Amino acid sequence: MKRVYVNEKWCLGCHLCEYYCAFASTNEKDMARALKDIRIHPRIRIEEKDGISFAVSCRHCDEPLCVKGCITGALTRKDGIITIDRNRCIGCYTCILSCPFGAVSPSEDGAIQKCELCIKTAGGTPKCVEGCPNGAIVFEERGE
Amino acid sequence: MREGMFRNISGCAISGIFSKSGKRFSGKSIIDSIAVMHERSNGLGGGFAAYGIYPEYKDYYAFHIFYESKSAKKECEEFIEEHFDIINLSKIPTRKVPAIKDEPLIWRYFVTPLPTKLADSQLDDKEFVVKCVFRINTRIDGAYVFSSGKNMGVFKAVGFPEDVGRFYRLEEYEGYCFTAHGRYPTNTPGWWGGAHPFSLLDYTVVHNGEISSYDANRRTIEMYGYKCTLKTDTEVIAYIFDYLHRKIGLTLKEICSVIAAPFWSTIESKPQKEREELEYLRNAFASLLITGPFSIIVGFEGGMMALNDRLKLRSMVCGEKDDMFYAASEEAAIRVIQNDLDRIWSPRGGEGVIVTLEGGKA
Amino acid sequence: MKYVIIGNSAAAVGAVEAIRKNDREGRIVIISNESYHTYSRPLISYLLLGKTDENKMKYRSDSFYSENGCELMLNKTAVRIDPDKKTVLLDDGQNVSYDRLLIATGSSPFVPPVKGLEKVKNKFTFTTLDDAKRLESVLEENTKVLIVGAGLIGLKCAEGISRKKVETVCIDLSTRVLSSILDEEGSEIIKRHLENNNISFFLNHQIIELSENTAILDDNTEIPFDVLVMAVGVRPNISLLKDIGGKTNRGIVIDERCRTSIPDIYAAGDCCECIDVSSGEMRVMALLPNAYMQGECAGMNMSGADYVFDKAIPMNAIGLFGKHIITAGTYAGDVYYEADQENYKKLFYSNNKLNGYILIGNIEKAGIYTSLIRERTPLDTLDFDLICKVPGLMAFSKEERACKLGGIA
Amino acid sequence: MAVEYIYPDYEIVRDYDRCIVCRVCERQCANEAHEYLSDKNKMVADNAKCVNCHRCVSLCPTRALKIVKSDHTFKENANWTGKSIKEIYKQAGSGGVLLSSMGNPENYPVYFDKILLNASQVTNPSIDPLREPMETRVYLGAKPERIERDEKGRLINNLKPQLKLSMPVMFSAMSYGSISYNAHESLARAATELGILYNTGEGGLHEDFYKYGKNTIVQVASGRFGVHKKYLESSAAIEIKMGQGAKPGIGGHLPGTKVGEDISKTRMIPVGTDAISPAPHHDIYSIEDLRQLVYSLKEATGYTKPVIVKIAAVHNVALIASGIARSGADIIAIDGFRGGTGAAPTRIRDHVGIPIELALASVDQRLRDEGIRNNVSIVVAGSIRSSADVVKAVALGADAVYIGTAALIALGCHLCRSCHTGKCNWGIATQREDLVKRLNPNLGYKRLVNLMNAWKHEIKEMMGGMGINSIESLKGNRLMLRGVGLNEKELQILGIKHAGE
Amino acid sequence: MDLRACELGYQALNEKIRNTDEDVVIYDCYGERFIGSGASNKTITINGTPGNALGAYLDGATIVVNGNAQDATGDTMNDGKIIINGNAGDALGYAMRGGKIFVKGYAGYRTGIHMKEYKDKKPVIVVGGSTGSFLGEYLAGGLIIVLGLDTDSFPTGYFTGVGMHGGEIFIRSSKAPKNLPKQVSASVANKDDIKGIEDILAEFSDLFGVSMEEILGKTFYLLTPNARNPYKQLYTEN
């Protein structure tokens, strides 16, 4: 199962992953048009302090507390990927209460949002990975 | 422009016949053989090397020399007399053949180095001869030594090889080994000295193909005192043989592993001992690797070797009948003189086929 | 193997999904006293609010039962278990045999005995879909609604019905709203927020008498109403087990494998009580996530696996009129405090462990605090000062981060 | 405030229609040329701080940035160019020696660009490198003058220690200190994967890199930094640096500010002290002294490693090389005046030395004339920019080449020539931790491997075209070269004919 | 192990020294080079005149020379001891990083050039007599002591301490040093300074039989650089 892994050793704190993530969830072909004058709400977020930085996004846990705790059944895990059915999410934030990584966040419309490995948009390699200039975020298979 | 003033490249035919028992036979066979490959020449050069033809003078170096003028001859003979004891000298017998024109003066000298000169030079006699041959060929305008071994001789001219053979009355010579060459130069007016075989001492080379490594090899071999006056591949190959065999002391088989060294990947697949030896040879004499297409027949005192480049980009066929060994660019050239062969095969690229006189040296 | 599950909510679903991880063949029978496909009970207020509909309220897809091979018995109430014969008697006289039984009967609203209650025509409780539907059917603009109980159920109900532009009054015996999950200051913030949204409160009061459209409080205040909602609390449905001598307390007592005291009978969800790891005490924690995870645990063990769920803590995520509250654990120990106009944060810690927290407003990354409680993480292994201010992985050691983010074990 | 005499060379042009204020430019510019105005939610730039390294341009996700040369100009003057004027301003302002980085940028002839390669037609087949064997392996080291045989007549391996390269390219000396740990790791790993070598420069060897020893050339320079027994032993070869192309006749100077904990360890000097490499080795004032150092290193390592002597290409380079070839050195490295990756005084960098092509041609010929070409291998450096340069260098007579700048470019260097500031935005020529991490060696080494594999393939294609299937047959094969636009003298020195001849 | 240097030639001689764990005594030494190159854990005693680069890269061994040493002794030495019961040639202890060199008599030009110290490694050179010019050139660390026991004039040549940016040079002399480079300051060594080198001086005294009274009978001048980064101001970014 390919997953997004983050190595803070190589994270430059450039925040490009956030922008590529935000861009990926728009339907625009051009990032400038997509994100111009917009406050972005990326599903991957940089934590940074004192020269250390790293990106955090959904780990797609094998035993996902967010899915187990979801009161609507909007969060599901299929083929190792946890996705959100935004149509069913009523924004109770039980998942935010549950996620030990802080990888779930409220979205602009009240539902929650989280990394879905770009399977609902472009597919393939997630855009945060493609946009990382330094290989700090990788999408690969690792021994469990 | 003349041969030697520019780099000459050419296609060719080659043939060689060798009697392992040392039985001498007439030069007619080699003419017949090379004549079959008429299509591979264009009349701009042909020649032969014949071994064992001067038994009565076998202890003397036989110089075959082209002169363009009487004055050149005079100057050259003065030089020879100054350094050698001349036992015999004569014009080389020829017969008129309409196809052979513009012949130079062609003379033959049986010589031995003057002991005092040899001693002064601090060289062995072979090296002394080599030095003198280079002196003549580079310093005396219009004189060109094209054969300088013992009990052997090179005969070459501008023309188709069969005409050249008849011109030199080669059928009147008897030897234990003959090699022949028909030349197909692409862009030369043709010069007698440029024809094959190319020789130094008793090493002769007839060569088919063009080598890509020419200048790499030339600039290396020139470092060791050889002067590549003719700018032909064959000349360089002859010098490399002389250098590796006579000066360095490698065996012919080892020389094959230098000039047509196996690919590294092939070397690595060999058993350790062989691998180490091949690695050593290829590394130590790296600049003498010959690449590009070639097939050559090398004649030398008491032996003959046929060799293809390591990719076998040129044709080469070998045959055997009793004590006779044959090598030629085409099978037909062997069949025409010996149809009933014990064995006929194409040697692999880079694998020299070496034959020597039984009990002889080399 | 035949599995029987009494109940059809989160714990039941958790059990079905877990059983099917281990056993694709065994029969699963689900007995429900409602008539619905499994649905999420907490959503009933959102239904009233219009944020969801009956179809979207389904807790699992329509094909859930067929995909998981469940035999569903709707509108049936289990009345008695025979643990020797291993059967369950239903209200229609049918006996259902089982090899493994799960009691996931949930809880029922508690309606206190109030004088005159029987005179009230429009009175409701608010825990089931039927409750919500019936309530909605009587509401009109300016309907006067009196909600008894300012806890989670009462307030979510108040929010839900607000769409109908009703006039809502809420009374509670307690001096505070959400007294079970908030401290005083937190309660006050929420109360003010609700008042700004046109909910009136009579706190520290109780009804001494009801007439059809009026409630008389202990200070003789009269509150007129059209509709009365009783949201005082719920009681675990423990009778099935209690009746056959199983160990119960306020709830059915279960161990960390969700076993009851009677062999082959398991229990999960709101009907149970178990250890709250944040306090170490036995407690009923009627919360959907716990219900699911207990159901899952029960299902795993029922179908042959050895599975432990020992991380139950009280926790709540609740939104009221756009204001979010997330709380978890026990409010004991030293306090980290932070507050401004919009946001309120309190962390409670002692003995090198985080015990509980309250977040109002900014609830981002609350789960990181939750995990500290659940995992009983020693606080000296991380930068506690930092994590108090900013919940994040930054506070953990580099190595810890490497395994969290890099999948390095 | 004093008068600012100098207008910035570059202008940062921002397309505000495309700028999404992601602030990547601001975060990535170590020169702090970009600034975010929070009250206006707008990015602005200070051109004076821009060194034109393109980091911001490369990372801008919307391609909203470009750097252009300023068209602000002095009055036109072919003699007093803007550059000359500005340099005078700088020196008049500071009294300092002008210091630059990264090789000679001036417009001197590049002979490689005036040499063309041959290809076979008809008489000699070109070879298809995709399907036929094509060998680029090279052994560097002295070749024996004679063979030896054992009592059974078998050949004895009397070769001196050799370096085996999978292709005739190595990474040239760049010290840890002048470039970063990650740059070094990238080079070391790439060299190991490729079967070639990299060179420590005079910066010592980080213990993390001992494991790459088989692919490491360690350098001994005049400052002898980090030179000790283990260092010498952890290598495949030892290079004595007599000079370098960027600054012939000049020593090195790593300012104390760059000597942090790690660098201090590898150079074996205290943190914060200047690392000064004197111009000469103070025990080498003539060729016999060089022989002494060569043999002292051989003695210290039991004659197990080839010794390289590196010199800058200067006027009498052929004579010097001949001396080196007789000094016991196994390999001569010659660095041309266009080379150099480190800091160098501008005037030296731009005006001292000679082009490597001419130096190589004359050294190779001189050694052949003296019959000692096989005593040594020749490695050349100094702006080898492509595989064609490699092929031309080998055909002129080099055994192999060193690449420095090309390797750095592969790692992301944009040749902004500001290495000496220590603020390399690409994480190469810097020791600042936050900048160093920008070069992830996991990516960096792959880029180097890619570059070399691409070159190797091109080398094979060019060789194939010439009908040569082994690099040995290319070495010194000057007939494969023709000059264009060169005068008789140049052709003579290069030993090549003019195109058309 | 006893070895006759002149019979062996330097390569064979050094190979024998490399391949033994025993102490070595060399006789008939006439300029054989590189003796003890990189050696550790043994004592090499040399009778005669060892050649250049004696003890280069020395890594812990002790070398005793009964006679004079030539040039480049102790080049890039890392550890160990070289004791010369006579004079030393030029570039003594070039780039030396650790260990000690004692010279009874005179040492040539560029003594201690570019010596540097690192952590616990602090190279020491003690010259009993005087030295040539460029003493301590580029000195970056370590200790050089020149005793000048053979002279009444100032015991070093010209250009002492040029490029010096670390380390200490003690010069025993009744006359004060003159014409020092800008960045080097000289002062009369005080008691504490002398105390700091007392052990080294005592070792010298023991080795060569010169009394401590005599050694301490004159003033010592201490030369130190006043900046570790003397060339910072030299350059202008271009």
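Observations on the model:
By written order: A, B, C, D and E. Residues from 1 in each chain.
Going forward, contacts are C-beta pairs under 8 Å (C-beta built on N, C-alpha and C of every residue); 3 or more make two chains touch, one makes a residue touch a chain.
Quantities reported herein were computed from a predicted structural model and do not represent experimental measurements.
Note on connectivity: the fewest steps through touching chains from subunit D to subunit E is 1.
Chains making contact with subunit A as well as with subunit E: D. Across the two candidate interfaces, B-D and A-D, the one carrying more C-beta contacts is B-D. Taking the mean of each chain's C-alpha atoms, the chain closest to the overall C-alpha centroid is D. Of all chains, the one whose mean C-alpha position sits at the greatest distance from that of subunit B is C.
A straight line joining the Cα centres of subunit C and subunit D is 70 Å long.
Subunit C and subunit E, compared by their mean Cα positions, are separated by 85 Å.
Here the CA centre of subunit A is 43 Å from the CA centre of subunit D.
The complete set of chain-chain contacts reads A-C, A-D, B-D, D-E.
Across the interface of their complex, subunit C is touched by residues 3, 5-8, 47-49, 52, 54-56, 59, 65-66, 68-69, 71-73, 87-88, 90-102, 104-106, 142 of subunit A.
Touching subunit B in their complex are the following residues of subunit D: 120, 123-125, 127, 132-133, 135, 137, 139, 143-144, 146-147, 154-155, 157, 159, 162, 368-369, 371, 373-374, 397, 466-470, 472-480.
Listing the residues of subunit B that touch subunit D in their complex gives 7, 9-11, 186, 209-217, 219-220, 222-225, 248-250, 254, 261, 263-265, 276-277, 280-287, 289-293, 310-311, 313. Per the touch definition, subunit A reaches subunit D in the complex via residues 9-10, 12-16, 19-20, 23, 30-32, 35-38, 51, 131, 133-136.
The part of subunit D that touches subunit E in the complex is made up of residues 87, 90-91, 93-100, 220, 222-224, 227-229, 232, 253, 255-257, 264, 268-270, 272-274, 276, 278, 282-283, 292-293, 295-296, 299-303, 345-346, 418, 420-421.
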